[in-house]
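Alright, structures below, take your time with them.
Below, chain A partners chain B and then partners chain C, in two separate complexes.
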Partner chain A sequence: MAADFRRGRLTPLGWAALVIGAALMLAPLTWAVLLSLKDNAALVGHSEAALHGPYTLDNYVAIFGNSLTTRWLLNSTIVALGQTAGVLILASLAGYGFARLDFPFRRTLFVIVLIGLAVPSQAVILPQHELFAWLHLHNSYPGLILPGLIAPFGVFFMTTYMRGIPRELDEAAMLDGASRWTTFWKVILPLTVPAQSTLAVFTFLGAWNDYWWPLISATRSDMYTLTVGLAAAQMNYAQTSGLGYLMAQAVFASIPIFIVYIIFQKQIVRAMAGTAV
Partner chain B sequence: MTSARDWRGLLFVAPFLLLYSVILIFPLLRGVWLSFNQVDLFGDGHFVGLGNYARLLNDPIFGTSLINTFEVTLMIVPALTIIALGLAMALNRGSRNAAIFRGIFFSSAVLSVTIVTLIWRFVLAPDAGLLGELWKAFGWQPLPFLSDENLVLPALAITTIWWSVGFPMLLFLAGLQQIPGDMYEAAALDNASRWTTFSRITLPSLRRTVVLVVMLQTAAQLQLFGQSQLLTAGGPSGASRTAVLFLFETAFGRWELGYASAAAELLFLIILAVTITQYWATGRATAAQGGR
Partner chain C sequence: MASLELKGVRKSFGSTLILEDVSLTLDAREFVAFLGPSGSGKSTLLRIIAGLETADAGEVWLESFRIDPLPPGERGVAMVFQHYALYPHMSVRENMAFGLRNARVPKDEIERRIADAARVLEIEPLLDRKPGEMSGGQRQRVAIGRALVKEPKLFLLDEPLSNLDAALRLRTRVELAQLKQRVDAAVIMVTHDQAEAMTLADRIVVINDRTIQQVGPPMEIYNRPANVFVAQFVGSPAMTLVPAQLAENGDYATLKIGDGTVVETRVPRDRLPPSAHFRLGLRPEAVRVVGSGEATSKAKVELVERLGERTLVYARLGDGQPITAEDQRDSRLKIGDEIALRIDGAAAHVFDADGAGYHRTGA
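Entry: the complex of A and B
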């Protein structure tokens, strides 16, 4: 790779800074894992006990005995998958419409979608809360999923991607007698798989880690997602089962997302390359 | 030959636009309306014009929360940008070691705010935290990061930098990949120093990425919420209450919906103004330089 040549070799000082930086990144994570492997009683007043054995998996066993944590895992999975599927479907349809079809007010509508990019979630959270209360959707899966489907970025992203696909493909298909829908479904959609996977990873990450909306919408502990459940556990820490168990919950909750990250690393890096250019 | 200018095109965009109107556009307008009304949990409230805004401007708690928000944003954004750029330049190489380091520095970015604060609570807490234990090992008194008014915002800033460094680093790495190698070859032929190469080639070529990172991060940190709510609940005595935490407490703690809406609108305007100013200022700087 040309990169080595470009930047010259990293000086020993540079390497030292990198190693120290990496240690600062890893130390909190390691500390959390060590704490999670300790008996709760051993940590009371002596968290430094985490630095040496004996270690135990009891806290992790206890998580599987606690129906709530596994329920939160299930909720997070349903919400994140639901939002990902929904965003892909809505953004692909709208992207095709905006990229390929001409209909009244097309430009105006597209600009209205772009305005959504600038709206921070805190600016609409109150009326959204009110709306979902009217619809009796709080503490339900549709209630948790629906606000996440409003992804103007997804529409913008799919529109841009589909504009890059040569129009001749559509025209050839239509000459063969294919309908608009068939052209979209059989010709264009298969070509957008790279864009779909990128959008899917980011939607999933965002949905899985969202704290703001489920905090407000899910008030019953059996409808919490993992983020809200862990927040509640953190707030009640003094009354609950202890530091080791709390940290085991944190580690347990981060495993699925680390797995997703490792599998989809390439999509994340490629998406960044697209954004930076 | 394909004259598709008809209503059928609308069918493709309708599902999104329908949800978008109901869940985003309607609440956006409704929020503006609410901000002109005094609304609480019971009843529809009544119109108070700019009353909520006037009250906000005279509310010392809101004022402090805004100042805290600006302070923590100023602590985070420049540091984060410089660290991310440094990491990207150091790790922009093809070796296996560089890939491992990239993975380490990105790893925290995939975690949720609740996991991050859960971990950092027990890094920062003086009695059970990693730093406390470290300080004790050196025979020092542990610092009360989360209960000292002067330490709490830097503590939130450090937590946030640890959490957020990954994405800007990836953006800078992507930007570095775009710089043509022959520019560096030419510089090497001229025996340009590392600093000259950086300031004349790397930094100007990355200008767009720097602007992007600073704008995205500023907008994100002006909305800092979870770290403050979860680590300190805004304390001690409001020293770490951010604007969004103020909004959250006003709305979902005291149910003063009109007043909270006014705070939300004001914050929205501030974020827009800051973003537009940054964009405008970089545009002018570019014009002055006669740059690309």
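Entry: the complex of A and C
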């Protein structure tokens, strides 16, 4: 079926499977959107009221009623963009180094990067917390952004991609009198754009959705990211009342991600299919 | 003034010696082909000249400057890579301009050179295309154009025709020959195809077994191969080598081969080393299928190869020695036929036990 799909042809059975799959994925999303458009009181006890009107935007208005929401949105944007830019720059430079330069302990260092892939962030969060406390970086943008720049996957990904670029191009550039930097900047880097966009999308999504580190690092509410802020503002752990408001928060928080998906659809599909590597 | 000079160049990869004591001098504006089997170190030598590899010993000089300590971009050489190595994200124009910008050539000068090269190579309509939007032949021309605009002192071409189909290869061969007339620079072309080397080069440098086997104009390489390797590598089909004994005394070497045939060569006898054992070298055109009257030997046909303009006959002499002969184009021979051959001693070569070649004087 996969082959048929690639050629844009599908058997009726294939169609049915895709439609059912898509419906299953869409159902909870639709449900969340419908709930978010309902008055909270109307949902108490019988959430199926979401299936019919009257609908209202009150819950969304209420989100902005919290004076800090826009601030959290800004924080999330700064952190996610900062991490994305940082990871792209570092992973590209490191990838070029691993792929093209000869330096002492290159193999050993690369193995360390690979080991880094296997270390879960939870395992290092305590010393990381201590370190940032010692550096007085908690409750700051550097404090929120820096841990995300430890990106062994990004380094591995860019190294692999750059290794796939023919060395003849570097050599042609050398004969064309290009310096190392010019070769990197004008020849190699432009050829990694597909990999860059894939890495950018995943880094951005990961940073935007991150909850644990900002929860630990940002203790002042004006430094919360959107995920932490919305969770803190909610205070309604049983989730028995205020269901509409809760769903409005969730929908609101995912709007930027939704936008990223729309813009980078092609790269995401390609990355998922593994053809970008 | 000499163009390129190589002095005692040596190179190994790890413990494998690839090139040993390679010395060579190119004349100004000379077109030289490095010819040798695959893996003989031709590309390595080219890359040493370009500065992409560092020689373990030896010097490289270009127009009286020692260039081997210089980085590739400052050597005054331009290279056309085997797989073209065009920058995929740049247009043809940008590909050609890249090296000139790095060399800080003024903008209008860059424009002028690109326009000139594009006209000569007939790639003007392609200037704004990217390499991915062109055929192999077009990419090839662009790769040549990128080298041309640099106005180098030396062009290096690594198997420039090997990625083209047969028809295009012939056409590009002609174009390379024309190009050679236009440029005021020496050209080195690496190839494993002897026909390419023979048609294009002023001189051929035959490389094998870590070193230069022979340097000379194409016809000299063909007519006076320095050794057995050159004799068999150049020429198609390969020269037949027949073990032979020196017979009789005289001014010229007379050799007797296994089936009893005596061949009177025109190789001066006093040039040969004092030994009785030699090999007789016979190109197909030196062995003709004849009527029994003029025959020197008898043979049995094993294979007939009709090439149109001539017919090659692969046969065995009475003692089982394989030999390649030529018959007229409308030959009626078939496998198994008994034939009469005439070995033309005047066109024969002699090789000694070490493989060194001896040839008739003159010619």
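We adopt the following convention: the second predicted complex is superposed on the first by the 228 of 277 C-alpha atoms of A that agree within 3 Å, B and C clash if a C-alpha of one lies under 4 Å from a C-alpha of the other, contacts with A are read in each partner's own complex, and residues count from 1 in each chain.
Just so we're on the same page, a residue touches a chain if its C-beta (ideal position, glycine included) is under 8 Å from a C-beta of that chain, and two chains touch if they have at least 3 such contacts.
All values reported here derive from a predicted model rather than from experimental measurement.
Novice: For A:190, using the defined touch cut-off, is the partner it touches chain B, chain C, both, or neither? Pick first, second, both or neither.
Specialist: second
Novice: First (chain B), second (chain C), both or neither: which does A:136 touch?
Specialist: Touch partners of A:136: none, neither chain B nor chain C.
Novice: With both complexes overlaid on chain A, does A:127 touch chain B (first), chain C (second), both or neither?
Specialist: first
Novice: So in the superposed three-chain picture, is A:220 touching just chain B, just chain C, both, or none of them (first/second/both/neither)?
Specialist: So A:220 meets neither chain B nor chain C here.
Novice: Just to be sure I read the superposition right, which of the two partners does A:26 touch: chain B = first, chain C = second, or both, or neither?
Specialist: Only chain B; A:26 stays clear of chain C.
Novice: In the superposed arrangement, does A:182 touch chain B (first), chain C (second), both or neither?
Specialist: After superposition on chain A, A:182 lies in contact with chain C alone.
Novice: Answer with first, second, both or neither: which of chain B and chain C does A:107 touch in the superposed model?
Specialist: Neither partner.
Novice: Which of the two, chain B or chain C, is in touch with more residues of chain A?
Specialist: Partner with more touched residues of chain A: B.
Novice: With the two structures laid over each other on chain A, which partner does A:149 touch: chain B (first), chain C (second), both, or neither?
Specialist: Only chain B is touched by A:149; chain C is not.
Novice: Where does A:172 make contact in the superposed view: on chain B (first), on chain C (second), on both, or on neither?
Specialist: second
Novice: Output the chain A positions appearing in both contact lists, the one against chain B and the one against chain C.
Specialist: Touching chain B in the first complex and chain C in the second, residues 171, 174 of chain A appear in both lists.
Novice: Enumerate the contact residues on chain A facing chain B in the complex.
Specialist: Residues in contact with chain B: 1-8, 10, 14, 17-18, 21-22, 24-29, 31-32, 35, 43, 45, 47-48, 51, 89-91, 93-94, 96-98, 100-104, 106, 109, 112-113, 116, 118-131, 146-147, 149-150, 152, 155, 170-171, 174, 180, 184, 205, 208-212, 216, 226-228, 230-231, 234-235, 243, 246-247, 249-250, 253-254, 257-258, 260-261, 265, 268-269, 272-277.
Novice: Using the touch definition up top, name the residues of chain B that touch chain A in the complex.
Specialist: Touch list, chain B to chain A: 1-13, 15-17, 19-20, 22-28, 30-31, 34, 83, 87, 89-95, 101, 103-105, 107-108, 110-115, 117-123, 127-130, 132-133, 136, 162, 167, 170-179, 181, 184-185, 194, 208-209, 212, 219, 223, 225-226, 230, 244, 247, 251-252, 257, 260-261, 264-265, 267-268, 271-272, 275.
Novice: Once bound in the complex, which stretches of chain A touch chain C?
Specialist: 166, 168-169, 171-179, 182, 186-187, 190-191
Novice: Which part of chain C faces chain A closely enough to touch in the complex?
Specialist: Residues 50-52, 71-74, 77-79, 81-83, 85-89, 98-99, 102-103, 150.
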